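Letters are used for the chains, namely A, B, C, D, E and F, taken in the order the chains are written, and counting of residues starts over at 1 for each.
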Amino acid sequence: MLVLQDVSGEIDAKVFQDVDTLDREFEVGEFVAVQGKGNVFNGRTELIIDRIRRVIPDDGAVGFREEDCVPASPRPVDEMWTELQERIRSVQSEPLRALLSGLVTEWESRLRIWPAARQVHHAYRSGLLEHILKIMEIGSLIAEAYGLRRDMVIAGALLHDIGKLQELSYEVATDYTVEGNLIGHIVIGTTMLREALVHYPEVPPAMAMELEHMILSHHGGKALGSPVTPMTPEAFVLAAADDLDAKMHQIRRHIATDTSGGRFTAYHRYLERVLLKPEDEGT
Amino acid sequence: MLVLQDVSGEIDAKVFQDVDTLDREFEVGEFVAVQGKGNVFNGRTELIIDRIRRVIPDDGAVGFREEDCVPASPRPVDEMWTELQERIRSVQSEPLRALLSGLVTEWESRLRIWPAARQVHHAYRSGLLEHILKIMEIGSLIAEAYGLRRDMVIAGALLHDIGKLQELSYEVATDYTVEGNLIGHIVIGTTMLREALVHYPEVPPAMAMELEHMILSHHGGKALGSPVTPMTPEAFVLAAADDLDAKMHQIRRHIATDTSGGRFTAYHRYLERVLLKPEDEGT
Amino acid sequence: MLVLQDVSGEIDAKVFQDVDTLDREFEVGEFVAVQGKGNVFNGRTELIIDRIRRVIPDDGAVGFREEDCVPASPRPVDEMWTELQERIRSVQSEPLRALLSGLVTEWESRLRIWPAARQVHHAYRSGLLEHILKIMEIGSLIAEAYGLRRDMVIAGALLHDIGKLQELSYEVATDYTVEGNLIGHIVIGTTMLREALVHYPEVPPAMAMELEHMILSHHGGKALGSPVTPMTPEAFVLAAADDLDAKMHQIRRHIATDTSGGRFTAYHRYLERVLLKPEDEGT
Amino acid sequence: MLVLQDVSGEIDAKVFQDVDTLDREFEVGEFVAVQGKGNVFNGRTELIIDRIRRVIPDDGAVGFREEDCVPASPRPVDEMWTELQERIRSVQSEPLRALLSGLVTEWESRLRIWPAARQVHHAYRSGLLEHILKIMEIGSLIAEAYGLRRDMVIAGALLHDIGKLQELSYEVATDYTVEGNLIGHIVIGTTMLREALVHYPEVPPAMAMELEHMILSHHGGKALGSPVTPMTPEAFVLAAADDLDAKMHQIRRHIATDTSGGRFTAYHRYLERVLLKPEDEGT
Amino acid sequence: MLVLQDVSGEIDAKVFQDVDTLDREFEVGEFVAVQGKGNVFNGRTELIIDRIRRVIPDDGAVGFREEDCVPASPRPVDEMWTELQERIRSVQSEPLRALLSGLVTEWESRLRIWPAARQVHHAYRSGLLEHILKIMEIGSLIAEAYGLRRDMVIAGALLHDIGKLQELSYEVATDYTVEGNLIGHIVIGTTMLREALVHYPEVPPAMAMELEHMILSHHGGKALGSPVTPMTPEAFVLAAADDLDAKMHQIRRHIATDTSGGRFTAYHRYLERVLLKPEDEGT
Amino acid sequence: MLVLQDVSGEIDAKVFQDVDTLDREFEVGEFVAVQGKGNVFNGRTELIIDRIRRVIPDDGAVGFREEDCVPASPRPVDEMWTELQERIRSVQSEPLRALLSGLVTEWESRLRIWPAARQVHHAYRSGLLEHILKIMEIGSLIAEAYGLRRDMVIAGALLHDIGKLQELSYEVATDYTVEGNLIGHIVIGTTMLREALVHYPEVPPAMAMELEHMILSHHGGKALGSPVTPMTPEAFVLAAADDLDAKMHQIRRHIATDTSGGRFTAYHRYLERVLLKPEDEGT
């Protein structure tokens, strides 16, 4: 059995003939062209495949576009990238701004497309970038409201999940790397920070240690997987903004994609509740 | 033994002579003029009272000011009141704005001075008003960032703790009322809302129910004392902003009032951590 | 796929022909007459429908009875209603008895037939009434054993779940109303009490507040969804009797309906245990 | 420092002279005659002892009575003993009645005076007997209300804490025995039952096993210290009645002994709440 | 539908013809000879049975061996039995050694073949014996490292799960007995110990009580089902060694039997993690 | 008030005269010579200081020895150091042995004297070394019993708490460093490992990652402060041996230092139990 995926979701697919031949036609994670028919089995729609082959360049001419096949952020990636650059330019501390710019440049190819998770929230192409930007936006506003150091919150937003670039592998499908399982994105992130800091000796040691603390404490507490608890107001705000954006993403997406009848959505397993749908959608 | 309180805190005080006479000189909660001397007992400073009497009008002439005796919000109450009016004027829904204005007018005398709690956070004169305004500020920003209904968040910020005006009694000292213990501010708040709604029939029933839901769910979940969980994005944001402001208040106050040596504060019992103090204060 | 239900349980049913025509023949929640045959699919028996139509008056002549189609309390409703009246007549406080009588009269049509829940316990026609009476019985006995105010326990038994009359909708099938989800039966119940109290001004305010406290605290604690904890002996007894009857109902029903072999029932998911079956049933 | 105890409670007492001599005058747990004066130290009243000696027979002539010195059940022990006998006579199963009678006779001297605990509830002379009787009363009523086997509930009430007769030592003061700590009253109780059963071979093995199950499961669940969960309706009712009586005892005693001002008691550490005091006591 | 089992696992099997006849051919738990063919249904392989009958003596001639049909410990049972005897001979206390020898002799037939559990760990023939020996090995080493009484740890290893010989029934399939459910292996074990002690009066009472304590406390705490917590170093080491061996068994077996691709095993439900597989297996 | 400490424990000390002068006589953490007298205050013995000064070289002549003043491991440090060298020499992997030797040499001055914690267990001079050796001993035995890679367990034992050398400061008194609070010993340890690995490029990357995993997972789970759960058998054994030794240390020390009467120790706050004392000590 195969699992085929495009931007609208996943579908099980079965091949009943020439199985051995087809096996050589494509690899996991490649784009394929498929011919077949639908079938309902155990209450789920599945696809009975007649022909399947990997996509070839000529398919572009008849309408194939990669972006139709991969779930991705609703925001265009170039627009997000520009916003990220602006946020970093707004950092007032010279050495901190240099450090962040350097990191962004070094990791650009991944940062542009990485998902924020394998499941749960922002689990699609460029989801991590979308998530970082929202934390920068929310975090800056809160920092200003309380007179905190905005620079640190911007930096924390960029750094907090940077370890995910090595925790997860992402080629159409998302999975955990060996390092991702054994070390985890929190500690991978601190190592990435330490390696970058070698090239930016102007960053004061106390600031560097606070940045590392923000990465380590951003899950908010030991029970949530952080080896230390936030001990600065900025680390606390980062953890709060991260949690808020992760949950808001689930809430809004669950409402937007709900197909059940009635005024409430189906039960959400992670949020442990049903959600009220806007009135016009209930009509 | 007495407990004397002024803006700087509390002190135990003892009377060893004329106890019976003094007993008639003042009531709990009154302002008093005291003469005596300090003593250290069991490692705490206490006051041995020679003379004590209630404050009289003439004391004003020699420097007595109520505001020196009662812990209060650092923000002037009139400034806060003006901001509250402006926030309510910014509500776009006509009937909702009328409802909120009406409530604020009805409860003005208490809303101006009430503390937000007996302990924990904003536990001082006008603390509730200060807390409401911060949630309005933070909540509006978050609502805009996610394209939510700003009106509902503003309304929720005003309403969420309004039951505290009847849950707590406040005359210099703060305590729980009988209703406060037996019913609790969450349900008292919904009753206050329902009583006000009688006078504002233009508020649509669906909106009224959502407002009630926001009051009920603002602790965020059953384990935290809310009989229902937030089921709208706006109710979720209200609960998050309430939690954030309550904790930020404790964090900033704990750092500001810490007197221990070293780079970290003493352990904070509710936050369950020590906090890093800004570098210049550690010197 | 349809779900058909009668007093013995539920069954999945499928229609493979004339689907569009049949669609107009009946609505969700209506009684239907069905012709078809059984089928085993994925280990479950299902029904393949040949013909299906809504019940018509003439069906009564050939044996159709509503009570065969809807799961209901084993006790006749009229017998229970008489017992409820007697219990209320036994209340000694004049104004309290008047209040309870008034409420019962006002809500009679629902009180007679409402289930106590959508699942878990007493989840059938007139289940709420059966549950209320058992709490009155048990609660009175305990109140007498400890010399408590029996009146208050009787009143609490009637009032504690009265919000369910608006939390749940019930027309053959049971579901949550919008208000049921957003406000919950506990707070709906206090509002119903307050609205009734307007007509019974003789009920002393202190008694009214205690009644409201009993509704609010009847789940026994915050972790269980009550915004306040029982603070009177009578509120404590009410919560204990409610919990006891809910669990006893599950225990007895699980033993009575168990079809597994051996001396023990199948595992009960809510009670988190297997139960010993009486010896003669194990033979 | 000494701790002196009479029926009204405990008091710290200090000796400043002839300490060595006094040391030989009495042992821990003996009745003493004391002469001295009161003193307030650290906010607690203490006793400064001038003379202290063990009670002698002649003291009876001048008013000494043991029962004034030891906290004890408010019910006369003979009255309770008679009620216990009647409850056992009401057991319908011949062999079960014989077993219970035998146990009561065997353990009479301890059963008459033992406390139910070292702290928490019924922690005084004859407290265990008072607790057993209340569970028999409540448990019988509930058993009848649900059509359960009343015999088993009566038996369970007697047996459930019988291990306390060996778990606790009691000579004026209450303490844990070595066996009490290492084995615990639950398992001690099952051993006492097994030893008694040897003399009553007519008790059917299935009944004997259920009795043992009731002792083992009476804390209601593993988290509460029971190695097994109640798996019969009667075991469930026993656990519920035991929990109810233990808590009702704490509630009523806390209200009765509260000395704080206001409408509510002081905070109760085990019940984790304040309690409303009856109106007339608050005046 | 049938479930057929051999040493490699379980398979569902279906009979579509002569169902009634076949029904008389064998009983649950008997060895059978089967003829049929494989089928894939709902993604699982199942067996469509053409002929099935119970094994007859002649089947031995054509290769039938019981040990190919029943999951069993990888260690030969005679080798384990010899090791058990040696471990017991190494006990230095004369009366304790006699007690343990006596118990082993009395229960030999079960001890040789019993599984340690129905699921989770060592859930196969002779699994209990394998588990006991590993605890003896590990426990002895730890006892020596800390200068503890090795005798007690050896004894505890034998006794701790001895109640499982009566808690579980085992005839090819494993299940709970009535006593196993109602009393549980912990308390059954203490009764077995007490019954054996009658024949070994030389065992000092204090030692006997400590042995009973070790059985009762070996789950490590109340939340884990032990009515008492380990209160001697030896009881603590027993509980730690038991927990370690149970988990190590699951870890090693999960890695050894994992069939998923990649460097990590599938998720383990009880251990709540994935496990890293040795490098050469990942190739 | 001062706190004076020697090998037997701590005592409060007070100065009532020449406070200002004395203030200049010594610093926190220095050895002092004291003259004064005992006093009982609030039930605790305290010291009223007449004279106090820092220790001078001449004090050695009259019997001053540093080791009498500082709580320390019962094992001589040189003996432990030799054992550590031998354990490392027993590592079979050439590059791993080189890495461990290098680390031990680099950190020798701290490793010899560091405590394992500020409180709880091994909280004294050379306590960390004592703890490491015990884990090596226990861990090796368990590794052999299960056929695991002994090298990895030896390495894990050395590395798991190596971050404590920077998490804690230790000069007579033990405290947390800034880095210790903000980063924590777990992540500090991985950084120390990574820095050392630069000099040992022969260590295979897969082994290096597993070593880092062992440090990170050694608390056994997220709830216990480890950002990842043990995913190899060796990491699991390390966590188990660490936990066992920490608890065994508390158990044995609590029994050894208990001064309460009776067969049981006083209640142990962290272990949450009383402990049985060996019989001869109870006499």
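Just so it is clear, contacts are C-beta pairs under 8 Å (C-beta built on N, C-alpha and C of every residue); 3 or more make two chains touch, one makes a residue touch a chain.
From a predicted model like this one, the values you see are computed outputs, not experimental measurements.
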item: For chain A and chain D, chains touching each; value: B, C, E, F
item: A-E compared against A-F, more contacting pairs; value: A-F
item: Proportion of interface numbers common to chain B and chain C (over half same, under half different); value: same
item: Whole-Å separation of chain centres (CA-atom averages), chain A against chain C; value: 45
item: Chain A-chain B separation of Cα centroids, rounded to whole Å; value: 39
item: Chain B-chain E separation of Cα centroids, rounded to whole Å; value: 60
item: Chain C residues counted as touching two or more neighbouring chains; value: 42, 178, 181-182, 210, 231, 264, 274, 276
item: Touching pairs - complete list by chain label; value: A-B, A-C, A-E, A-F, B-C, B-D, B-F, C-D, C-E, D-E, D-F, E-F
item: Residue ranges of chain E touching chain A (in the complex, touch as defined); value: 42-43, 263-264, 274, 276
item: List of chain D residues in touch with chain F within their complex; value: 1, 42, 176, 178, 181-182
item: Partner chain F, residues of chain A touching it in the complex; value: 178-179, 181-184, 186-187, 190-191, 194, 209-210, 212-213, 216, 222-228, 231
item: Partner chain E, residues of chain F touching it in the complex; value: 134, 137-138, 141-142, 145-146, 206, 210, 229-233, 236-237, 240, 243-244, 247-248, 251-252, 255, 264, 272-276, 279
